[in-house]
Amino acid sequence: MKPVLEGRDVSRSFGGLMALHRVSFQLFEGEIVGLIGPNGSGKTTLFNAITGVFPPQEGEILLDGKPISRLKPFQICRMGIGRTFQIVRPFLKMTCLENVLVGIVGKDEKGTSREERVEQALLELEFVGLGGQSHRLAGSLTLLQKKMLELARALATRPRVLLLDEVLAGLNPSEILQALHMIEAIRVKRKVTIFWVEHVMGAIMTACQRIIVLDQGRKIAEGPPDEVRSNPRVIEAYLGGADA
Amino acid sequence: MRKLVGVLLGFLVLVWASDPWAADTIKIGVVGPRTGPAAATGKAFEEGIALALDHINASGGVLGKQVEVVFEDTGGVPEKAASGFEKLVTRDQVPIVVGESHSSSALAEIEVANRYKVPFIICEAWHDDITKKNYKWVFRAGPANSGVVDFYIAPFVKDMGFKKVAIVRENSDWGVGIAERTEYNLTKMNIPFVTLKVEREAKDFYTELTKLKAENPEIILAYIYGTGLHFFLAQAHEVGLAPKALVLDGAGPPSLWESFWKNVGDAGELELFISSMHQDVHLTPTSRKFWDDYKKKFGKDPSDYKTRSIYNVLLIAADAINRAKSTNNEAIVDALEKTELEVTTGVVKFGLNPGSYEYHQWMPPMLVVQWQNKKQVVVYPKEAATGVLVRAK
Amino acid sequence: MKRAGLAGVFLIAILVPFFLNQYWLHVAIISLFYVMMASSWNLIAGYTGQVSFAHAAFAGVGAYTSGMLALYGGVHPALGIIAGTLLAGVLGLGLGGLCIRMGGIYLSLTTLGFSEILRIIITNEEQWTRGTMGLQIPGVFSVYSKTHYYFLFLAVTLAFLVLMRRLLNSDTGLAFRAVLNDELAASTSGIDTVRVRLMAFTSSSAMAGLAGGLYGHYLMLITPDIPSLGQMFLVLAMAVIGGMGSFAGPIIGAIALEFLSEYIRIYGEYHLLLFGLVALVIARFAPSGMVGLWEKIWRRR
Amino acid sequence: MSEFLMFLTNGLVMGGINAISALGVSLVVGIMRVINFAHGEMYIFGGYLSYQLAVGAGIPPVLSMLCSVAAVFLGGLAIEKWLIRPTYGDEMYSLIITFILSIILQNAALLIFGPYPVKPPSLVFGATNIFGLFHYGNQRLLSLALAAGIIGAIMYLVRRTWFGKSVRAISQDREMAAMLGVDHLKVNMISFGLGCALAASAGAIIAPIFPVTPSGSGAVSLTAFVVVVLGGMGSLKGCIAGGVILGVLENLGAAYISTDYRHIFGFIILIGVLVLRPWGLFGKRI
């Protein structure tokens, strides 16, 4: 089976500081893969490299076998990679509906009428549980709602792969449960492959089939949750991280 | 939306309410720079206006009414000058406008004067085209480039026996026009010359001066207005060009400003400048009266001859309205064409033959003055001279 | 209700020449020029967050292109104005292409540099432009009439505002606002931020060219004052005081400031100082301008 | 030959002045990501204040220069605190604020000092014959020396002091500097004040040669910006090299190509740099 998204020896440094060092990974159709590691281990940097925000300086990233690491963020998005941000970034001065419409317009599907787009946007909002909020300004939403809005915007670009960056941070247990359901629904119903950075260990361990662990810019472990959990290098990385 | 309508309506009401209503004074418009690089001219104009109003209103005003002046600032910028002129005509509805000291501004203003058919007497914009365009509404009771060069600068250069001339001119209508006329005269007289152009408001002339030094001129005709002239003069001394080559300020007033000696230091000695005024040279009784009353009113000697120029044109305007017996534009122009009025510089009579710059033009006599031991000495023309030209050893 | 309001504004605008004298009609025409300038500047600054200092320069490009074509080539001003608009657009495209990728500070500096280059060229190419002395150019109409000019300016301004409104309500407008709100999020949502900014910059520059062309032919005199930084400041102040990023803000700001400057003209040069202080206070304490303040008060009631 | 040397010397003098003025801009850009459009006004105020103190109040010229620079430094601190600080993180906002500020200060200068160029007294008089080749104004030679002295002092400040260490930490990695406990508010404020003071010192030094006018401030700012882009934003070495390159090019260009286009050479360089090497001669590639 060919991977949907693949990274080969991806490296990126900032002013002499190695943020990613020869990281390789593979994501297969319909999978949900977790990406964990202590603070500063390079998780968000890897997402930024995949989405073209800070392209890799060495190595290659491929989507369906096609290299994407020289493309601009908007092109990568149009190829089918959507993402959310660790610190939510909805368009605060725009309404929920407009937020989602940006995603639809960004995908640049010619031929759909304005009405069809609005209808689709409303469906996305409904899907993430923001039905009826379409005319509220994004800035006035709660944190959970903002996260959901960002998710809806990402979904509106019809991604094949969705990168989630700490969607559960700051949510209470019942909200976490809600979010987990939604992520599962995205994977199953929308047939989206998910790459997921998370600090809420319990959730990610139960939800993911496979986990990749980063530490100081290097991949130190990969495998099913149970295996990763008992890997001595992972434990050391986290404990060492806790020490510092 | 309703608020937008409200705001708009409010504006219109304001605008309507501020329309000028019939006044019991006669308004004369004045245009000139009160701000910008030549704001000193505005100051000189203000003094001249004050003195002229004193004299006109003391002798009964115009058509039995007191005269009032509306002084519109041009900033020395043609665009502002044209719109300022237009404001005088459309808003203040003045029957006549006088003044101006920048050729560029004047050339823009005469178009407006011509469009609105408003008489306009220019006092200190020297460009030939101003009267050469032969607009019926435009008069000039002041120097024209051709007159200044043909009758004063060129004969001065020739009579004093200068063998090599440098012309330095700024990029303004006045600078371009007077330099061209000078070149024409020098060519005719077979006197070799070089021309350099400099930016208006420039401050550093080292490059130009170094080039000039290689030419070894005996006299530099500096057509630079404002403090730029001061810096040019000072730097000419620094690079060792002056006073071996004498510098002649082709405009005049900058050499008389208070800041002159501060800015040039010893370099001011032996500098020459064009002037139409000297304390020992009085051509008419009005000139004497002007000098005395100026001293009484402002407690100092008049220094900028533009004070006197604006004073003159205001007298001419008042006289013309009185003789026209109305503020009708045609009547005023008729009266202006028949003017025979004694002002500070002589008896004004406008030229009436169309076809050249001499149409509607009256040229006052000018002097070439030299700073000798910080005293003004008239060195040209001979009949007015109070001393002889001094050259550097 | 909104429709009725718009109709009211339109009716007043149509009636203006019938109860204003020549002088105030002149002021009204100039305000329309500034409405075009401030609104089109708002398109780049207010809607995509790029501070261009070349807006007055583009107006200068329009004015000089059209004016010189008319004077030296005998081209009809209507055609000349179109040529000036196109040239301003093309220059905008080139300049934008040069620096939009580099981002905010670079764009501001490059546009400032462009504006200065243009000023130097106009000042020095005296034989063509007459430098600071200004160039007399023919008017649009064979007979000079302020009423004619007023309706011409009004028609162009309204057409421009309608177009701009439609643009802002389109997908492009949505993209503009997304880029302004959050550039990174917009680009990862599939928006080509460079293209969007370039589009805004180009169309706004072309608009300035159009406004400048009209302005030159109205004044019948073009000088380097049109593309000056002082003029640029006025446009910026109008947008900031009225309210950047709102549609009505720059319109209200332009009309208010132009009329105000006529009322305080006795203070001559110092009206710039006053505008500057007002603009600074507004930019510092009420970044959404008069329109924003008004809305705040409205909502509180 | 002697002419060429004369143009070159003139270029060096202007280059030195360009460099200190641009150092002020570069310092602020490097640390705060703010371009101060009112930079030229600080220069003008430096010149005017030293004139007012020396001529109006009769203070000795050297002292009046120092006082004027100090006054502008304090003004810069206040501007940073009240106007720039609220704009942190919003580039557009700071551009607009400083642009408005420049118009206000320019018109205020017009109101306070009048439109005429003023020329503080020269510290030295006369001219020196350089190697028997050409005459050169002594005040100009002194300016070159002063410029070199100030550049040296700034280099010392950045290389050897607490302030310099903080500055370098911030310009390398903002977050890291914050973690290391660098008080960035204080550093911002001081560097903005210092930026203004550098502009003022350039103004005070040059005023006895090229008198300052309120309308001349725009050109000063523009020159400084060109130098900063040429040298590379935030690079102090770049500023010095850029300043001298621009000064020499402008003077040679004026001498051998066209005097009228003296100031256009800088902008052509600006556009060229943006096309070919947007990060400047010494800047870090982005």
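List of remarks:
Think of it as A, B, C and D in the order they're written, each chain with its own count starting at 1.
By definition in this document, a contact is a pair of C-beta atoms (placed from the backbone, for glycine too) under 8 Å apart; a residue touches a chain by one contact, two chains touch by 3 or more.
What you see is a predicted model, and the numbers here were worked out from it, not measured in a lab.
For chain pairs B-D and C-D, the one joined by more C-beta pairs in contact is C-D.
Compared with chain A, the chain whose C-alpha mean position is the greatest distance off is B. A straight line joining the Cα centres of chain B and chain D is 38 Å long.
For the pair chain A and chain B, the distance between mean C-alpha positions equals 75 Å. Chain A and chain D have centres, each the mean of its CA atoms, that are 47 Å apart. Averaging C-alpha coordinates per chain places the centre of chain C 32 Å away from that of chain D. In chain D, the positions touching at least two other chains are 110, 260. The set of chain C residues that touch two or more partner chains comprises 123-124, 269. Within chain B, the positions touching two or more other chains are listed as 35, 171, 199. Looking at the complex, you find that chain C touches chain A at residues 171, 174-175, 177-178, 181-182, 184-194. Against chain C, in their complex, chain B makes its touches with residues 1-5, 7-9, 11-12, 14-16, 18-19, 34-35, 73, 75, 77-80, 82-83, 86-87, 90-91, 103-104, 107-108, 111, 115, 171-173, 176, 199-200. Put simply, chain C touches chain B in their complex at residues 1-2, 4-6, 8-9, 12-13, 16, 19-24, 26-27, 123-124, 126, 130-134, 136, 144, 219-223, 225-226, 248, 252, 255-256, 259, 263, 268-269, 294. Of all residues in chain B, those touching chain D in their complex are 35-37, 39-40, 171, 196-199, 201, 203-204, 206-208, 210-211, 214, 227, 231, 235, 238-240, 259, 262-263, 265. For chain D in complex with chain C, the touching residues are 29, 33, 35, 82-83, 86, 91-93, 95-97, 99-101, 103-104, 107-108, 110-111, 218, 222, 225-226, 229, 233, 258, 260-261, 263-264, 267-268, 270-271, 274-275, 278.
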